[in-house]
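I have a structure here, written as structure tokens, and I will follow up with some questions on it.
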Amino acid sequence: MDHDGKRTPLRVTVWGENVHERRDDSVRAIYPDGMHTAIAAGLEELLGDRVRVRIATLQEPEHGLTQDVLDDTDVLTWWGHAAHGEVQDAVVDRVQAAVLGGMGLLVLHSGHESKLFQRLLGTSCSLRWRNDGERELVWTVDPAHPIAAGVPHPIVIDAHEMYGEHFDIPAPDELVFVSSFAGGEVFRGGCCFRRGAGQIFYFSPGDQDYPIYHHPDVQRVIANAVRWAAPGPGAPRAVPGSPEAPHGWFERGGA
Amino acid sequence: MDHDGKRTPLRVTVWGENVHERRDDSVRAIYPDGMHTAIAAGLEELLGDRVRVRIATLQEPEHGLTQDVLDDTDVLTWWGHAAHGEVQDAVVDRVQAAVLGGMGLLVLHSGHESKLFQRLLGTSCSLRWRNDGERELVWTVDPAHPIAAGVPHPIVIDAHEMYGEHFDIPAPDELVFVSSFAGGEVFRGGCCFRRGAGQIFYFSPGDQDYPIYHHPDVQRVIANAVRWAAPGPGAPRAVPGSPEAPHGWFERGGA
Amino acid sequence: MDHDGKRTPLRVTVWGENVHERRDDSVRAIYPDGMHTAIAAGLEELLGDRVRVRIATLQEPEHGLTQDVLDDTDVLTWWGHAAHGEVQDAVVDRVQAAVLGGMGLLVLHSGHESKLFQRLLGTSCSLRWRNDGERELVWTVDPAHPIAAGVPHPIVIDAHEMYGEHFDIPAPDELVFVSSFAGGEVFRGGCCFRRGAGQIFYFSPGDQDYPIYHHPDVQRVIANAVRWAAPGPGAPRAVPGSPEAPHGWFERGGA
Amino acid sequence: MDHDGKRTPLRVTVWGENVHERRDDSVRAIYPDGMHTAIAAGLEELLGDRVRVRIATLQEPEHGLTQDVLDDTDVLTWWGHAAHGEVQDAVVDRVQAAVLGGMGLLVLHSGHESKLFQRLLGTSCSLRWRNDGERELVWTVDPAHPIAAGVPHPIVIDAHEMYGEHFDIPAPDELVFVSSFAGGEVFRGGCCFRRGAGQIFYFSPGDQDYPIYHHPDVQRVIANAVRWAAPGPGAPRAVPGSPEAPHGWFERGGA
């Protein structure tokens, strides 16, 4: 995963559902240009010319996620909440295939109940919640993990929605962060999954009612995760089929 | 997982696609009453009154897997190959929900490309293959695992179809067996996955062209896996939703 | 893991350091007969004739853990704090070998810094702590796990010592419980590890200054864990060497 | 893990037991300057100025692994076989601490039974073996893993010592390669472990009787693994203690 060596920028597509921002004044007050724009700006600020960021939203044809866009994307970030059901199954199929083929994926906050995340994990991805504006502390349980580099232990978020266990996910391949909330709940809010050739990171901070994506530590985690999730230079980028393999096929050169 | 304590038999449903057995003389010669019948007989022979085995097949209404049947099933075994596409999506949904709610699942051999397995794992589950009747050795890599109890190391299968890496699955939660084939390939053929409250075991031996389900060590593995996959006595049996949780809800008794 | 089938009781040895109980009046007020006695009583109350409990302490010859005792033990529980350094290396060697050979092990609370736990895990097992008598909530993150059967979510402990991340352990093979504390910290306080043929469970509740081992939910977790950690009926009970294996050795019967 | 960004070379120390090379003519014929020299040359050829390679051997004072050397090492590679018992415990302690503090470690072939590897993993690390010069095929089971980048599937090694299961290690955090041998055995020969802040890779090819370290694919794997195991730029490099943490300590800036 050495994009720096070649200095080819990582191609990031920030996907936003873009519903709350258009209908809720309270959300527009925090994110006048949409949450996706704030996420994109954080990446550009922290990663500079190491990334080239594009935005796509639900309202665009094919939700802005055509095959051409996906083929030109190293890492996709996904934020959705109010309109999970409006995402077309054909687009979910296409994005799932891209992830299995090696595209990195960041699923943010309420994206836990998106069709895409449920499809990739196979479980309900349900959880407990409470929107009371309480303090969240994000604790690092894997200090050497690259996604945790450069953030304080804990990250302090003064007011946020509570997400609590049980979070119905498969055991993560790597658990990076666990949050606690003022009300006492805990949540495995920073989880890595590997599916096919793709690396997936779920990160729970990011409710639309709070300025989470302006928080510098949250921005840092997302930037770290984009770099972590990016496919290596020679990564496959295709979902394998099930080929017949004649006896000794590998003696003629391997594959 | 203490069904013995109560002496209530485990309720097992053996699901068979039942296509090869009806159309291929060569398969009928090995399994005159169907592969499902051989699998069921092995369980009954090894587990006796610890199990109550039912059979269901693709050709029955709702493939024999109504909600009533699933509610009355502790562990489901799944063998399919020629007709994955004929399995109705509504039945796949229902079985997936049952697994997430705690029903155990054994996916056998070519079931790796069933809609059900792909749905639960989120990946393509593809592999390499070659049907040459070559020797397979099934090696135990976790000797203390209950699924490996009482089988030789290795299990020797004189002739079988080759399944080879790469097997496109998530990293298993527990890896129990790895096979080698005379042609040199290897395969992670005994894998445990936990999804929701359900325990899933994939076991690769079992091609329709070979008398694998008459092999005593294969029967032993399947019997062990049925017992391993069975839900515990107080298991939930329901897929959770995402409830709102008022501050301090657990102080009034927990849940 | 079917001891019930045979109705042979599980042989449990409760090991207690037995230092605080003898020198601190405050501890003796809570545990007049020692913490080990309270742990043993909880097991006997919940498991009845399914267990046969023996006690061993630091002050006995060989700390009460002779080879004969270990050979007669299915599961060992370990509580130590003030005298980790006094445990003889030869006894640590012997107990480690017994665990690798299949004996179950429960490491309790401050046992995290015992020589034995560090030896089996290979890391420092260090953590943050504060003894302020604050509320601990023990949340289940794996509701289908047998160790979590029958306990509320969360377990509420009104006053306890705080143990907080980062807990320097290898990623657990199964994570069952995560605690939060009134001060905001979190801790992976219920962790399963598999080492050799042995199953190990670490459980953080249990400081000597609080009546934790009289808490019915804590007793339930320990009883569940004893059953979970017990070796299966045909388990090996020996640490393997590295034998030379002539070509085709397994064709003459396997092993 | 972005050493390229800064263009500071990775500091690699190749440790060689250096016993076979000095006493066995047959080994000296393959490795006239020692196996360690061949390993170092492979790294320099493939990684060029991205690495600065140093050599240390058993025969030097403190086996060449003083604290100064370890402090100046990002990744250590370890090959030993005939003289595991001669490695001083104090040096093992020191190297273990360095790994837990973030130094990467590659354990090669017969290093599986070194004190160091056993210490870090907590198990016997035993296996089956046979030195018959048979073909080994090294299969990738995680094609997107950076350690597998650029190597054929499978790697073909025409003649090698057989290492077979059961390999008595904890379940690896990531399983990258599984080998098969002409005699039919399989072996988990490419395993990643995370211990403390350190990343450890075990790679089984490399017996002294065969020219394995001249094999270009083996060299590639070792070079990939060195880059994978290197600590990130801001990595801790110290084993944590167990500090007391006053209530609210993190409100004054975190840590």
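Odds and ends about this structure:
Per-chain numbering from 1; labels A, B, C and D assigned in written order.
Criterion: a contact is a pair of C-beta atoms (placed from the backbone, for glycine too) under 8 Å apart; a residue touches a chain by one contact, two chains touch by 3 or more.
None of these values were measured; they are calculated from a predicted model.
Over half of the residue numbers at the interface between copies chain A and chain D are found on both sides, making the touching surfaces mostly the same.
Centroids of chain A and chain C (each the mean of its C-alpha atoms) stand 37 Å apart. Centroids of chain B and chain C (each the mean of its C-alpha atoms) stand 32 Å apart.
For chain D, residues touching at least two other chains, in rising order: 137, 142-143, 153-154, 164, 166, 171, 184-185, 194, 196, 250.
Taken together, the touching pairs cover every possible pairing of the chains. Against chain D, the residues of chain C that register as touching in their complex are 96, 100, 113, 119-124, 126-130, 132, 134, 162, 164, 166, 168, 170-171, 173, 183-185, 193-196, 239-248, 250. Residues of chain A that touch chain D in their complex: 1-2, 4-5, 102, 137, 142-144, 146, 149-150, 152-156, 194, 196-199, 227, 231-236, 250-251, 253-255. For chain C in complex with chain A, the touching residues are 135, 137, 139-143, 153-154, 164-167, 171, 174-175, 178-180, 182, 184-186, 188.
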